[in-house]
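First chain A sits with chain B, and in the next complex the same chain sits with chain C.
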Partner chain A sequence: MDLSFKALRRSYENGKSVASVLEPLQAAQKENRHNAFITLNAVDYPDFDPSKKLSGIPIALKDNIVTKGIRTTAASKMLSNFIPPYDATVVTKLKNAGALLVGKNNLDEFAMGSSNENSAFGKVLNAHDSAYVPGGSSGGSATAVAANLCAAALGSDTGGSIRQPANYSGVVGLKPTYGRVSRYGLIAFASSLDQIGPLSHKVEDAATLLEVISGYDKNDMTSAKKEVPKFAKFCEQGVEGMRVGVPQEYFDIDVDNPHLSKGVEETIRASIVALEKAGAIIEKVSLPHTSYAVATYYLIATAESSSNLSRFDGVRFGHRSSSAQTLDELYQKSRSEGFGEEVKRRIMLGTYVLSAGFYDAYYRKAQRVRTLITRDFEEVFQEVDMLLTPVTPSPAFRFGEKSEDPLQMYLEDIFTISCNLAGLPGMSIPFGESEAGLPIGVQLLSPWWEEGRLFQAGRQLELSRGVE
Partner chain B sequence: MSMQDWEIVIGCEVHCQLDTQTKIFSGAPTTFGMEANTQVASVDLGLPGVLPVLNEKVIGFAIKAGLALECTINQVNEFARKNYFYPDLPKGYQISQAELPICEHGKLDFFLNGQSKRVGITRIHMEEDAGKSSHLSGKPISLVDLNRAGTPLVEIVSEPDMGSADEVVAYLKELRAIVLYLGICDGNMEEGSFRCDANVSVRKRGAELGTRCELKNINSFKFIKDAINYEAFRQVELIEAGGLVRQETRLYNPDRGITFTMRTKEEAHDYRYFPDPDLPSIVISDEELEAIRKELPELPAEKRERYQSSFSLSVYDSEVLAADKHVAQYFETSIDAFSKTPKITANWIINEVLRETKASDVGHFTITPTRLAGLIALLDDKTINGKIAKTVFEKMLTTAASAEEIVSAEGLRQVSDSGAIESVVDRLIEENPDKVEQYRAKPKMLGWFVGQVMKAMKGKANPAIVNDILVKKLNEEPK
Partner chain C sequence: MIDRSEVVKMAALSKLELGEEEIAHHQDTLGQILDYIKTLDDVDTTGVQPTIHPIHLELLLREDVVDGVLSREDVLKNAPQSQNGKFAVPKMIGDT
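And now, the complex of A and B:
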């Protein structure tokens, strides 16, 4: 069944009922074969309303986006019984646009992970081959789309958490410009990096969703007072004359970095050819500070998360240890019991990074490098209109392959992280396949607030693969 | 041991709750004294996913404090997170300012015993208040009230420029007057709107700075004075006995009059300050700054100066009148209504009005400044004398009538008719030849005659005329 927004709308316009579309999906959601959902919402079947952009469109939400009256867990034991008293701004916007919010997707606990193996609710399976990880942290969202359990999903991207699972699962994943989408109601991982964005079957659907969820929000001081363009229009504009940069540092990777797999390299080459054919001009460019991105990211993201996660203390909500005798024990036991291994690792790392005597060497220095990385992009976007890069060095890996070695896992983010550090928009679009038949995507990065270009080039890549 | 050989060095950190309608990062009201946990929005609870939204009023208030204390205003400044765990701190961090506070490098001049004194202001920063914990005695239960959580504060940090508890109290009184004048804080120490931490150390005269102890959360001027004096004495005693002062945070127990350890330096938190990524830097334009500067009212120091130069008041009088904004307002309104004798008006306010009402309540005093001016006008044109004026003042406390109406109704007009006075004096001399005799030996007896005349005339006689006539008649040769 074609679950693209256009196809769904066409069937509703032809008289199909919302119930007839939704019922089979709900059956499959209930079966939850890939463990992509933590909670399914009770959905009633409204009549199709043509005045609403997303009327009757079934959309899933990563379970770190709070929903009023619906349990929101962030895939953590800490919040396994947490029922928020309010809706995230994106949720309100989706509801107003007529979307059907079908359920809450599994993820790496508090969005910390690249394989969706760190969930208190169990791992998520890759929709293409259940021996493989779906990617993370928005693994449940990517899988829910890839397995045709919903038309689209919202995820969150802090260092690649939308684009990487989209890449592993063969769907479109977009991380908007920092400040484009309100973070109000997103359970924070790293506030200066987090951004909510869509995962979808088609580029156009990502554009439509972005249009709906974007805009200044008085509840989020980091959201920008920027006009929201009609993003879907960009899908029809092609790439004629567009200058596309290919950063050399993403290919000449050094000893610290894993090599590009054959499939990934071939996919990139093919996408270059496709864009050139469509009239784009390909240029080699340089982003000299690329090799510092992973280290910089893991200092800043962990520092912010160590503070963001302090509110989970067992005092007001969330898990409280039943065996604590003193106040210190209340904190220690509630947090030790409530958080998983990876979350604890990052809290400890972040606490260390901010500690007296280490702040200058780690946090402050990382902020300086972050500025240099941002400057790299400012300079490169003087020369080109957008960038084309791999999303990850390799396609999806098998369960357990990297979970024993956190560093190897962190290096999965090497191509997606710089984008968050600089606050840029980026998109992952399926374009190839590995020898094992797993999907491989490419990443497009554009200047701040120029998501439209991503839709132009993304749609062009779809067209060249014969996607309707 | 002699305190004479020692110098006390004190710096203060004052927390002022800002008098805004709503909290610093949420729309919840800041009303004091409401039922626990009712003045709370989801932001104040630190619910997952909520974000702080700055109440712009707070910036204006903090800048006013900075300008009044002659600080440099940092037109780009940022909020930082101060991380620690406590049940009344919902987010596990307090939003404050660290490296880039809104105001720095100011000073405050004030008078103590007629001497002028200057204290440097290191910085003023904005932050949110925590909630309130109460621990039920004898029970393993602690209660948390988050009504106060998120109430805006400015913390005003001074240089260690004070050398005695009296200086600290004078500094705090002046500071409190200023925030009240600015209308940014209600100054209520009991309710915790204005609270002081004092860093106290001692050293031999001229020696290097000693190790300091921080005395936390003292909520009255008296306790501040007692706590500092006790703490300085404790440190001197300790050092003279060969001990060392440990750097620590101490609390004051007013019942026992002592300070005691709250936590040692080793137990001190590492607050892991870092810029709050949820809040963009605050940028203040030149125009905004100028607009706020123009809103600044006349401050106590300026008022004292003006009262002395324009009204020829004494240093003491101008200090008392300017110390409280309401008293100054009362004085100035009264002068506006009757401007001939400001010194007399000042005396009446200081001696009579402030005996009847608290300075802060003077705005609601039954005898309004205009009514008082009416009374002083009657004094000035000699319609009544000073003694009768006090009687009229007493009566004004219980009626709404003007001084003039009371004087007319009760026939209290002063008698200056010398004929009437003379006849009383003549009778008195006739009836008391013995006293007249005594007077001749002891002229001090005049007072007794004055008293008798006044008594006979129900206090209404013009005392100057009484005096003149008495002296003249008593000194006449007996007939």
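And now, the complex of A and C:
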């Protein structure tokens, strides 16, 4: 069944009931063959309401977005029984637009991971081939869309956690400009990097969802007072005359940059040709600090996460150890029992780089390099309207291939994390396939607040592949 | 590879208890990561301001009125242990 928003709306307008669309989806969600869901939501079947943008549209939520009365775990033992007393702002907005919230998606614990192997609720399988990872950390959301279990999902992206699983799973994934979408009710990982965004079948659906979830929110002081454009309109505008930059550093190979696989290179070349044919002007550009992005990111993200995750102390909510005798033991044992290995690693690293004697050498240094990485983008966007890059060096990898080597796993994020450090919007769009038949996407990056350009070019790439 | 004592110190600062096997594992993985992070030493950041936040935000003020407060009952529903409408914890003062 075609679960794009337009197709669903057309069916409802032609008299199909919400129940007849939802029931088969719910059966498949219940079967949970790919382990994409942690919790399913009991949905009643409302009548179609044409005045609402998302009436009858089944949407899934990454399980680090809090939902009133529905368990929200962040895929951690720490929160395995947590029932939030309030809704995240994006959840309120989706409900007001008529969306049906079908369930909560599996993820890497506290959104820390690139393969969805770090979940306390078990790994998620790639919808195209179950021997492969779906990507992470929004792996459950990407799989739920790719396996046609919902029309779209919301994920969160701190260093690529929407775009990378979208890329591995063959769906559209958008990370909005930092501040475009309220983070109120998103379980915080790294507060200066986190942003909620959509994963969908079509570019236009991502645009529609962004329209719904964007906007200033008094409950998030980092949400921006910016007008929310009619994003879906950009899908019709084409790319005639648009200057598209291809950063050379993303293709140069050195010790830090894992080799670009043949499939990825071919996909990027094909996407360049497609945009050129549609009237875009392609230019080579340079982002000289690219190779420092992973180190910078893993300093800033872990530092912020060590602070954010200090709230999990076994006192007010979350797991409490039953064997603690003193308050200090209560903290230590509750945290040690509640957090998984990767989360512990990042908390320790973050605590270390913020500790006395290391703060300037590590954390302050990373913040300065972050400025240089951002400047690279400021300069390049004087020359071009948008950037086109790979999403990851290779398509999805096999389970276990990188899980023993955290550094190799981190290096997987090389092409996605600069965007978060600079606060830019970015989108992953399926465009090719590997020899093994796994999806490969391309990444588009635009200047701050110019998500519209991503939809213009993204839709153009869809058209060139014959997507209706 | 970093020293065992460094991992133990990191764990203590992070309020985490690690078993011997975990300590050995983290000596290895954290050591590799910290080595990698040293690549930043190659970047000249003289005179570069640190970025604390990615976008320039207007500081918005609001009226100083209380709203949207969760009820005590709702909040305590998620508490591992509560007593008399408050969070309960083990005895605070240890023997040391």
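By definition in this document, the second predicted complex is superposed on the first by the 468 of 468 C-alpha atoms of A that agree within 3 Å, B and C clash if a C-alpha of one lies under 4 Å from a C-alpha of the other, contacts with A are read in each partner's own complex, and residues count from 1 in each chain.
The rule is short, and it goes like this: a residue touches a chain if its C-beta (ideal position, glycine included) is under 8 Å from a C-beta of that chain, and two chains touch if they have at least 3 such contacts.
Small disclaimer: the values here were computed from a predicted structure and weren't measured.
Once the two complexes are overlaid on the shared chain, A:324 sits against chain C while remaining clear of chain B.
Of the two partners, chain B and chain C, it is C that touches more residues of chain A. When the two complexes are overlaid on their common chain A, residue A:220 makes contact with chain B while staying clear of chain C.
When the two structures are aligned on the shared chain, A:369 is found in touch with chain C, with no touch to chain B. Judged by the touch definition given at the top, the superposed model places A:85 against both chain B and chain C. In the superposition on chain A, contact of A:52 is made with neither chain B nor chain C. Once the two complexes are laid over each other on the shared chain, residue contacts for A:74 go to chain B alone; chain C is not touched. In the three-chain superposition model, chain A touches both chain B and chain C at residues 82, 85-86, 192, 218-219, 221-222, 306, 310, 313, 315-317, 327, 331, 351, 355.
Partner chain B is touched in their complex by these residues of chain A: 65-66, 72, 74, 79, 82, 84-86, 88, 183-188, 190-192, 218-222, 303-304, 306-307, 309-313, 315-317, 327, 331, 351, 354-356, 359, 363.
Contact residues on chain A toward chain C in their complex (touch as defined above): 81-83, 85-86, 177-179, 192-193, 218-219, 221-222, 224-225, 256, 289, 291-292, 294-296, 298-299, 306, 310, 313-320, 324-333, 335-336, 339, 341, 344-345, 347-349, 351-352, 355, 362, 364-372, 374, 405-407, 410, 420-423, 448. Put simply, chain C touches chain A in their complex at residues 6-7, 10-11, 13-18, 22, 25-26, 29-30, 32-34, 36-37, 39-43, 45, 48-55, 57-58, 60, 62, 68, 70, 74-75, 77-81, 87, 89-92, 94.
Partner chain A is touched in their complex by these residues of chain B: 42, 45-54, 81, 83, 85, 87, 90-93, 142, 144, 270, 272-274, 277-280.
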